[in-house]
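Just so it is clear, A, B, C, D, E and F label the chains in written order, and each chain counts residues from 1 on its own.
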Amino acid sequence: MNGSSMWEAVSGIIRRDLLLAMRRRSDAAMSVFFLVIVVSLFPLGVGPDPVVLRTIGPGVLWVAALLACLLSLSRVFTADYVDGALEQMVLVPQPLAVLVVGKVLAHWLISGLPVVLLSPLLGLQFGLSGESLGVLVMSLLLGTPTLSMIGAIGAALVLGVRGSGLLVALLVLPLYVPVLIFGAGAVTSSMAGIGGEANLSLLGACLVLSLFLAPWATAAALRIALE
Amino acid sequence: MLQAVSLRCSRGERRLFTDLNVKVERGSLLAVVGENGSGKTSLLRIFSSLLSPEQGSVLWEGQDILQLKELYAGQLTYIGHLNGIKDDLTPLENLMSAMSLAGESCSNNGAKEALEAIGLKRPIHQLPSKVLSQGQKRRVALARLWLSTRPLWLLDEPFTSLDTAATAVVTQRLHTHLQRAGLAVVVTHQEVALPTEIVQRLRLTG
Amino acid sequence: MQWSSASEFFAMGGYGLYVWTSFVATALCMGWEVLALWRRRAATRAEQRASLLGGADETTA
Amino acid sequence: MSMDINWLKYSSPQAFYPLAGRLIPWFACVVVVLMGVGLYMGFFVAPTDFQQGEAYRIIFVHVPAAWMSMFLYVVMAVWAGIGMGLNARLSFMMAQAIAPTGAMFTFLALLTGAMWGKPTWGAWWVWDARLTSELILLFQYAGVMLLRTSIDDLRRADRASAVFALVGVVNVPIIYFSVQWWNTLHQGASVSMATGSKMASTMLTAMLLMTLAFWLYSIAVILARVRCIMVERESLPVWNEKSAVIQEAVEAR
Amino acid sequence: MNGSSMWEAVSGIIRRDLLLAMRRRSDAAMSVFFLVIVVSLFPLGVGPDPVVLRTIGPGVLWVAALLACLLSLSRVFTADYVDGALEQMVLVPQPLAVLVVGKVLAHWLISGLPVVLLSPLLGLQFGLSGESLGVLVMSLLLGTPTLSMIGAIGAALVLGVRGSGLLVALLVLPLYVPVLIFGAGAVTSSMAGIGGEANLSLLGACLVLSLFLAPWATAAALRIALE
Amino acid sequence: MLQAVSLRCSRGERRLFTDLNVKVERGSLLAVVGENGSGKTSLLRIFSSLLSPEQGSVLWEGQDILQLKELYAGQLTYIGHLNGIKDDLTPLENLMSAMSLAGESCSNNGAKEALEAIGLKRPIHQLPSKVLSQGQKRRVALARLWLSTRPLWLLDEPFTSLDTAATAVVTQRLHTHLQRAGLAVVVTHQEVALPTEIVQRLRLTG
């Protein structure tokens, strides 16, 4: 119950998940790869007009990042559920919500952070300027953890449910909408010269909110799934 | 001391058991037996607090486990039908991360000894678990028992897929655990494999 | 009263299609919902009746 | 009703079931009257709008439907929350009963909005914040219902969809205030507590009457549905109601 | 080995998969929902300007359909693999490739067809004209089965090869690109008044080709996965 | 007649067996026993043609099974560690779809009788299989044996999770199968459960 053993459990979870990711290095590369693919498919589908591409750039990047996060996230708990590791996690003598934070954090490190780091490169492809690129990175840095937190709720809710891949999308995407609007809005308004601060601080607020609420909801959902 | 007070459990439309009372003292073992589908696993999950009973309660040292929450989780080791091991990690890594998660960190050597105690030799420690045979996987899960210092063990068919040698080793380990004032609830179809200690038998009739 | 004839009323100043689609769709949805519930109730009643007639001992459980 | 009703008594399904049964016809009657009056005022008393012509009359279904869609979501979430907190089956059943009606009103708000948009904005659909967020609300209703149907175990289905409904409540204020936060094509609030109304009073009266009618309609329908759900779930024959069912059964004996 | 028992096995597989989908009626709705949601996300990210939206409409719709197909398909075999049904399928006394066709067909009926049927409505939201809508539906009707066939290869490879995530994407996406280009191209050119016939017939050719080759590749991949 | 000719099998770095020769005649049963990880499952998968041996070959009625391909698949019923049943289908649907896939369609009643033969009662036929207990799931998988008309049965630990009643029933069924000139290869740690027919024992030493 005390702080140090709680920390030990959380860091244990993070370490294990990072180890697993190392074992399957390609899985970790997956979300980055997905981002690159979706972003590059667009010019193929939409046509190469640079003006159009610049206009839609922030939106496409954000949507792609959002989908990448969602897809990689929808399976955070599935493997643990199927092989019984989740039962063991619920029976750990620490509050489940704290362990959930660890799990989500590990996930973000594996698949969210690379997306953030890669984004400026993709932004360049869409002709974003230097300052907008900065705002893009900032917005993703604040936004993707929120996405992970919210996504974890959905992932936990659909455990053991068939066709869960798409159900989780249905559950989670509506909740992603504000983040998307603020995130893409930040970049767009910085491109329009208004500066993205207002939107960025809204993103920050979303992050704080989700950090406080999502772990509890996720923990509740996990317990329900195991009944 | 683990005590079940007038437990009732239904799954779906089916009433599995009602008014079930049982008491397991330290140093003794409760063998839960019964036909397939009679509710043994459900009972074990209620004991572990994974499932909440429809009625009644489970007491640990006289206190309701639903109130004890994490404190109770700190008292037990649960091994279910599923092994809870990760296909991509080696047996050693699996064991160590399971232990550290449970708050009972162990050294690398300790883990190796536990694996050897249950008959997994050194070269196997370094293979990814997915190439192991069914029985070897079960052994990895059971190796936790050699490191566990928790008083209460809840085991769901521990002997599945094990060969006779491994069965004997696990029985021996259960024996030691009981002698050290531990208590255990074991679900099994192979009663013969249980240690000849104070075994209390609970037969569920479904 | 601003309508001088029924046809003028139904034309809705040229917006008849939009206005009437809205109202009719609303009416249909509500009507359908009520009907569906009526059916569902009938089904549950039939079931109750069956169980009451079938096994008295079951129903006392 | 008098003040000394023992509300707790009605929170048990056995007591609630006959009570709901007795209330439904009353609500139904009031709904019919209110709708009749509302429609009469809307079509025959309220004047033509000087900007939009007769197209504006869609308001009499659009706005009530839109309001109900949001309101019902919140009510559903409240029941879900009570269910989680008190572990009360009746609350979960209420939440379950509300979802389809809420989804229906959301759908109607979208449809009537589209019908209104074509003549006024020249497009069936624009991607403005209010419209999009209403669409999102529809997805949330769909999510609640799909999650429930995807899970076989009732207890689990109840709880899982309750968690989701609760989490989704954050979107309701976003929908409501979207018009103020983002400048959009859609109408801002024309009825508000603080500033009073900007509409012609007959229009407003008709609209409020329709809203009230929709509200009571929802209550009636939801009560009826919750009764069905109770019977289906508990597979208990009758909730000490001296209903036709028992009589029929007895006679058949 | 004879025709009738082969037909029986194939129809058996199709029936079982459709039954599974019926059990979860939501499943069929799911890929449609995914499509709708992804398509609705774009205007939120990109902004509501109708001209821009009309330009990117076909591209967005096609990319979304492609993703919906890929994602729902990428796990067709996983469940069978995990619960052992795949072993049984391989041991059926019929050529595996034929069974694969049955499996993919069932999947397309469940999640591809609804996407095709819904697409005109989404096209309307992006302001496509009547004729372009027709071309859109045609292109999806020809294109989505191709995507399913190709995707099945990837799905089968996911099972066996270690670290397959990346490999699948690498293998499948280059094959998806022509379909995407022809598909979105057909709609765009019909919007430009050129008519989409040329692109549509190319799509047809892709379909025929994939129908002949993909089942064998998939069957081989499945056998490897089970070794 | 099933014959293994100088089979060799290695997994990873490990040599499981070399030069393994064995012959199973009609009406007899081959019990494959050995420690966990000794290669029993691997051998069974070679017999079923799911795995190809490193060296040597398996002959069915004198012909190499790798040449027979689908013809050979038409001769056998294989039940592995995994049950191969769909969580979302009912036991009845699972059984019927498995049979029709194997090209041995059965009637609704036939399937019901098979399920009852292995001790799954009517109400259970209509539940989604995911709510079944471990042993009940195993029974659904094994119910195929009551409908199978194939001469060769390959069973991997058929008795796992089964209670004693079900074990006896399966043994009885194996008995009948052998009497009708069928042959079976069974991997198991519970040798006692095998029918006392002509049992040939193959011990793998790992």
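By our rule, a residue touches a chain if its C-beta (ideal position, glycine included) is under 8 Å from a C-beta of that chain, and two chains touch if they have at least 3 such contacts.
Source: prediction; values computed, not measured.
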Count of contact steps on the shortest path from subunit C to subunit D: 1
Shortest chain-hopping distance from subunit D out to subunit F: 1
Of all other chains, the one whose Cα centre sits farthest from subunit E: B
Homomeric contact subunit A-subunit E: same or different residue positions, threshold half: same
Pair joined by more contacting C-beta pairs (A-D or D-E): A-D
Separation of mean Cα positions, subunit F and subunit A [Å, integer]: 45
Where subunit A and subunit B are represented by their mean Cα positions, the distance between them in whole Å: 36
Geometric centre distance via CA averages, subunit E-subunit A, whole Å: 26
Residue numbers of subunit F (touch at least two other chains): 81, 87-88, 128, 130-131
Shared interface positions of subunit D, touching two or more other chains: 132, 136, 139, 142, 146, 150, 153
Subunit E: positions in contact with at least two other chains: 20, 23-24, 26, 30, 33, 37, 44, 47, 82
Residues of subunit D defined as touching subunit E within the complex: 123-128, 132, 135-136, 139, 142, 146, 149-150
Touching residues on subunit A, where the partner in the complex is subunit D: 150, 153, 157-158, 161-164, 167, 170-171, 173-175, 177-178, 181, 209, 213, 217, 220-221, 224-225, 227
Subunit B partner contacts - residues on subunit F that touch it in the complex: 11-14, 34-37, 40-41, 81, 119, 123-124, 127, 131-136, 138-139, 157, 160-166, 189
Parts of subunit D lying in touch with subunit F, wherever the complex brings them together: 152-153
Touch list for subunit E against partner subunit D, complex: 24-26, 29-30, 33, 36-37, 40, 43-44, 47-48, 50, 53, 124-125, 127
